[in-house]
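There are two complexes below, and they share subunit A, which is joined by subunit B in the first and by subunit C in the second.
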Partner chain A sequence: MGIRNKISASQLFCLLLLSRGVLSVACGAFSGSGDIGSAALSAVIALIISILLSIPVLYLSKSGTEPLQNGAGRVISGIYALYFFYSVCITMTMFTVLRAETTGLRISIIAVPLIMTAAALYGSYKGIEAIARCGALILFAVVAAFVLLCLSLLSKSDILNLPPVGSYKLSDIITNTVIMVGEQSCIPAIIFIYTHVKGNVKKSVVLWLIVLFVCIFALSLFISSVLGDYALTQFFPVYSWARLSSFGVLQRLDSLFLAVWTAGVFVRLALLFWVISVCVRYAISNTVSKLAPPVFGIFALIIAVAAPFNSAIREAMLNTGVLLFATAFCCLILPAVLIIKRRLGK
Partner chain B sequence: MGILDFSFNKKQKKQSDEQHCEPLLYCELEKNISYMKSRFGGSADFTVRRLLLSDSTDAAIITMEGMSNKESIALSITNPIMEFNFKKHSENKIDLIESRVLSASEIVRVIDFSQAFTLVMSGFTLFLVDGCDIALAIGVQGFSFRGISESETDVVQRGSREGFSEPLRINMTLVRRRLKTPDLRFESMQIGTDTKTDIALCYLDSAVSKDILDELKRRLKAVPLKNILAAGYLVPFLDRKGDLSLFSGVGVTERPDTVCGKISEGRIAVLIDGTPSVLIVPYLFVENFQTIDDYSNRAYFASLTRILKYIAFFVAVFTPGMYVAVACYNPELFPQGILNKVASSVAQTPFSVFTEILLIHFIYEIMREAGLRLPRPLGHAVSIVGALVLGETAVSSGLIGAPTLMVVAITAISSYVIPDLYPAVAVLRISFIVAGGVAGLFGITLLFCAVLINMCAKKSFGVPYMSPLSPFSFFGMRDTIIRAGWRVLAKRQSLIQNQKGSEAESEEE
Partner chain C sequence: MKRILAVGLVIIFSLSAVGCSPIENNLDKRLIIQGIGIDLEADEYKITVMYMDTADPVGEGDVKSSFAEGSGLSVLDALTDTANKTGREPLYGQCAFIVLGGGLIKNGISEPLEFFTDYYEFHPNINIFSSESSADKVMRAENMSVRLMQDFADTEASTGKTISSTLNEVYAALSSGRTSAVTSLIDIKDKKIFVNGAAAFDGDKAGAILSSEQCMATLLLCGDAKSVWDIFQSDEGGNINYSLSGCKSKINVSTSGGIEFDIAVNTHASAYGTESSARLESKIKSRIKTLCESTIEQLLKKKRLDVFNLERTLYSKDYGYYKTLENPKQAVVLSRVNVITDIELQR
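Entry: the complex of A and B
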């Protein structure tokens, strides 16, 4: 019985949608400015840019992981590991900031990120097949929860809350587009997942980007129609939107939102830790790759726990400019270098 | 060495191998008898009956007391041998006795002591003749055993009342009687260096995956135990090494109809001599929610009960943890009426909700364990003490809140809906209580994610344990959360190795 360790293209779709979707669920967290309705327009622009960014990644992925495992490729793998570590830090910082500042729960500030890190590390240790299967089940729960939330808030939705299209500021649209594109750390991750996928990856990636931005577009409009100008004052407008929900005798469904969001973050972190271990395996060795996720995890945990108390760390982690640059660098420059290297090698 | 000391270390194994390397049978009858006597060390049940054949040759019948049927020995061995005139025949005595004298249907030629010991201790009668270095083991087993009766653990409303018994051969017959096809195979093996327990792998040759069958044989051959006294001894060796999961990829049943259903889907049953529990591999998570009654009832009702079982599973695992998390960190989630009741209950009792629920669960588990081991009348007494004395008094004295007791009661009842999963449910329930108490809903969600990924990573003989839920298979869903009608199920046979993501999955799948 051979070990195949393969996931299907549809599982990849679910994994990417969930991993990227959890950041969008907290969209507006970075900007804190502008109308959330402008995010709907930004989603359309971000979709086009994301498809463009994924082209070199898919082109590189087609030729396998060999270019990443020798010479300069090893250095590039190391850079990718640092980029994914940065993504882990951002995700965990968002998680702790939302939990500590918005939910107002009396839970230890260290306990939850610590459990989250431990659980995600355990998930990454179980491998991509397990993460993909788990991701598919959690995505189902997330979709069901959001359908429930949307249904419960349908009565509170008012089309008059939506500002007219012409009133959107260009600066807000640009800011939101930058955030949406910057958050696309799943695109470079495809380079490392590609060889583990059976089926049509290109189709899955394009479908993922379309579904993702359609969801962001629809969600942004819906949130704007419920919250109106109130959304402008919120750091996490989606959470604020969820707080207004009620269903029958259940008066507050924001806990449901937090539960599914936490599950989504778990899958995202597990995937990122797994990708980090693959990067380190290509860059250094198999033995070190097993140690890398816990080491990076501890650093990410320290940063995430410190973020709610230290504005400098938080600013650094949630800086949209740096994020966009890092993502563009990893989606365009590094694949380009590897493609050129491969061509020269031939 | 106590009864629980079953494991080997390498040195012990070497010594044991040396001990178990028995010599070939001798030509001299006396030497054979004295060797066997010395190996049994004067054991009280070792019996030797000496005979003098008609040509004045010495012979002996060796049995273990109570293992063979004395009437059969007399009718099929002693009488024919004593009445036969050996003087008229010049052929080899053993050949002559085997072909012309004995009337028993099962005769095995034995050339060494190891084989002789195994057969004698399995109820065979050993016949030795002076001057022959070959013995005959004659199948006249006659030990007493429990008859075929209804299984107490796999109870059904409709369907057969026959359950497996302890003797392997009878269990094999129970399966053969239901599956009258030459495709049905039984492969015998012996495991356990001391107990030499007979096991039989039962499968349908046309349905089974050869990869899974080979893997099962490999794992069984690698079992390092000295004693196999119950089916549970083998389960850890059939699960993948380093699995570390609360859930088992090996199913257990006491029903022959269940075994027949499973093997017709490509699974393999492991029948073990001395126990009515039969192991089934590969075994998936969703199979814990399937019972033979589901297929006897109408599809709509079977689907309803199936859904109820899934709900009961979630209630059994999550309710106490959720209650603790919500009561401690998110009381706003309670509807107003319930919130008032919970708040007044918490205010009147000395313990926190977390301590209360943990305490009651431990008391409940202790009472359950006590009730299981006690004789039935005493078990009822324990239940009365538990329900009336502890429950009623604890609430009325203000030590425990009524809502907490209610939560524990609902949880306890729900956990019995899926008895196969009780061990996992009990451990998970307590873990979720702790997670809920420490980190609220975040803790519960994260523990759930960790358990879920553990289950998703698990494979039972290369078949994903969570299949067909994940990897999702629409075809597999017809008998998962709902049970489709027989007209739909009969359209296409589903084989276990063809589940999505299976390592033994055929290329065309």
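Entry: the complex of A and C
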């Protein structure tokens, strides 16, 4: 794979925060409910569930050794490769749907995802260390952009826009929680990253989950206080929130949002392609692992480009039930099998 | 070699990613829409668009505007018809304002606003104006310009004589149903337009026209007034001229023994005159209190329009009680509303 393949625990934190954060920024897209106010409550529940889901993975990481060598490990790696491919498809579908249906950018529907895929594949071939370094820089830009957006929209927030806690619908809370937990593909990815991390993986992962959900909690409340019931009509409320921003003579800062979000999606895709390549290396061979990311990338690109035109593909990709099941299976069942296998091996 | 290739690629992408590359997308081939007027005539939407006349610029930093019109059974049909008549490709992203004509505000504004909300090219920050006359007349007024319409929208912050709203604010009010949507009202005289109060909506239909004074009172009650200028006649004769700044308001609601709202208005006043400060302060205080109370009486009690965020406050602060109400709007109309003014005079 790359030249250097070791990252620090803080780089792991940045990488996970950015990779997972870019999906949260597009929250509301899955359910279409747009009830972003109840997302704050869901964030608290999702934090607890996510910490529970990460326990088996963190238990595996304690040994610091490769968990997927030979035998059943090959099959499990294959399943993980398919799961991460599914995650790539979801990320790219959301990216193309947002571009095609919300931003109105008049660029070819295929050109940007194609360039994005090619860049992400190149990034994945540079290895985890390069992705992590790039991720840290982009995370800084994302944080700076969001601080600027928040400051510019502070005057537009109105506490009366926040729905009272009692008004939250249970169905919205469950839907939002399912989406937030379902999007946690970074948790199983840790199984393939931890052997490349110098430092305390457990501390980084727990800190990542806390910071992630605190950010989602705060951002949900803030967006809700700015948009009010207008959020209910929006497929991507976070993007709609960004569209309202302006800073002095600087108008329409949504372009800033799109730029940093696109950069974040690039890092997420590069990480997922790198993880796919590691999975295939465990499952088949080192040679095939180099071919796997472009092959998966082409399929994901086809699905993503077709999604804005085909509602069946889009619904299949954004099915929250399937997503939750797949994530729970990859976070709990497969790591449990690996733990049992390791114990029996001893 | 690798670096040269990388730099070459960056240059190629940078150069090809800017500007209007296909020849058919040149600016003079685009219909760059600056503002839209919508009328409803005989169940058909009539659209008047003001667009940048890029084919005939006047130079010296000014851009000449032209007008086009079209009609259709839906707003999209009418916009398409308008664009077809000009033979240019429309660009809605630069649209700065929408004027809703008299026929439309009487019949309901939900449908057109829903279109503008859903259509990604329209920005949620677009200013929305209403007019009792036709939107077409407003659009074709002699003094019509994007700058003037922006000045009208800014009147809220500079004088408090109107209440301006953007697309997302109007649509949020319409979709929640817990507050009345309000827009600036444009009037026309001698083919010239001017801002003249505001229009408040009952549901999606115009429910009342707010005078400049009522706009000022509403802004004070909602805590949205930034700067207010007013003049009134004192009991002893003579006019008192004053301005208000740093306005804040707080609405408290109590539900024990019926709904009762206490609206506390806090503001700094500046006034000039020969009278003592205490006397002047008392007169301004009384003026504001009377103005606020009469506005509540006129709009809430008589027209049943809650432009003061009272229902929203009840919903937000006592949701448990709100849930038990069969008709919250009626309950708010029948509630007691007390206005407490606290004014600090600075001379």
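The rule is short, and it goes like this: the second predicted complex is superposed on the first by the 336 of 346 C-alpha atoms of A that agree within 3 Å, B and C clash if a C-alpha of one lies under 4 Å from a C-alpha of the other, contacts with A are read in each partner's own complex, and residues count from 1 in each chain.
Note that contacts are C-beta pairs under 8 Å (C-beta built on N, C-alpha and C of every residue); 3 or more make two chains touch, one makes a residue touch a chain.
As the structure is a computational prediction, the values presented were derived from the model and not from experiment.
Once subunit A is used to superpose the two complexes, subunit B occupies space that clashes with subunit C. With both structures placed on the common chain, the touch criterion links A:325 to neither subunit B nor subunit C. In the overlay built on the shared chain, the residue A:249 is in contact with subunit B alone; subunit C does not reach it.
In the superposition on chain A, A:59 makes contact with neither subunit B nor subunit C.
When the two complexes are overlaid on their common chain A, residue A:137 makes contact with subunit B while staying clear of subunit C.
Within the superposed three-chain model, A:263 lies in touch with subunit B and out of touch with subunit C [touch as defined at top].
Residue by residue along subunit A, subunit B and subunit C are tallied for touches, and B comes out ahead. Contacts of A:127 after superposition: subunit B is touched, whereas subunit C is not reached. Contacts of A:101 after superposition: subunit C is touched, whereas subunit B is not reached.
Legend: residue contacts after superposition of the two complexes on their common chain; A:112 is shown touching subunit B, with no touch to subunit C.
After the shared chain A is superposed, the part of subunit C among 4-12, 130-138, 202-210 or 274-282 that runs into subunit B is 4-12, by C-alpha clashes.
Touched by subunit B in one complex and by subunit C in the other are residues 252 of subunit A. Here subunit A touches subunit B in the complex through residues 1-4, 8, 10-11, 99, 105-108, 111-112, 115-116, 119, 122-123, 126-127, 129-131, 133-134, 136-138, 249-252, 255, 258-259, 262-263, 266-267, 270, going by the rule given at the top. Residues of subunit B that touch subunit A in their complex: 211-212, 215, 326, 329-330, 332-333, 335-336, 435, 438-450, 452-454, 456-457, 461-462, 464, 466, 469-472, 500-501, 503-504.
Here subunit C touches subunit A in the complex through residues 93, 117-118, 120-121, 123-125, 168-169, 171-172, 175-176, 309, 312-313, 315-317, 319-320, 323, going by the rule given at the top. Taken in their complex, subunit A has these residues touching subunit C: 101-104, 159-167, 227-230, 232-233, 240, 243-244, 246, 252.
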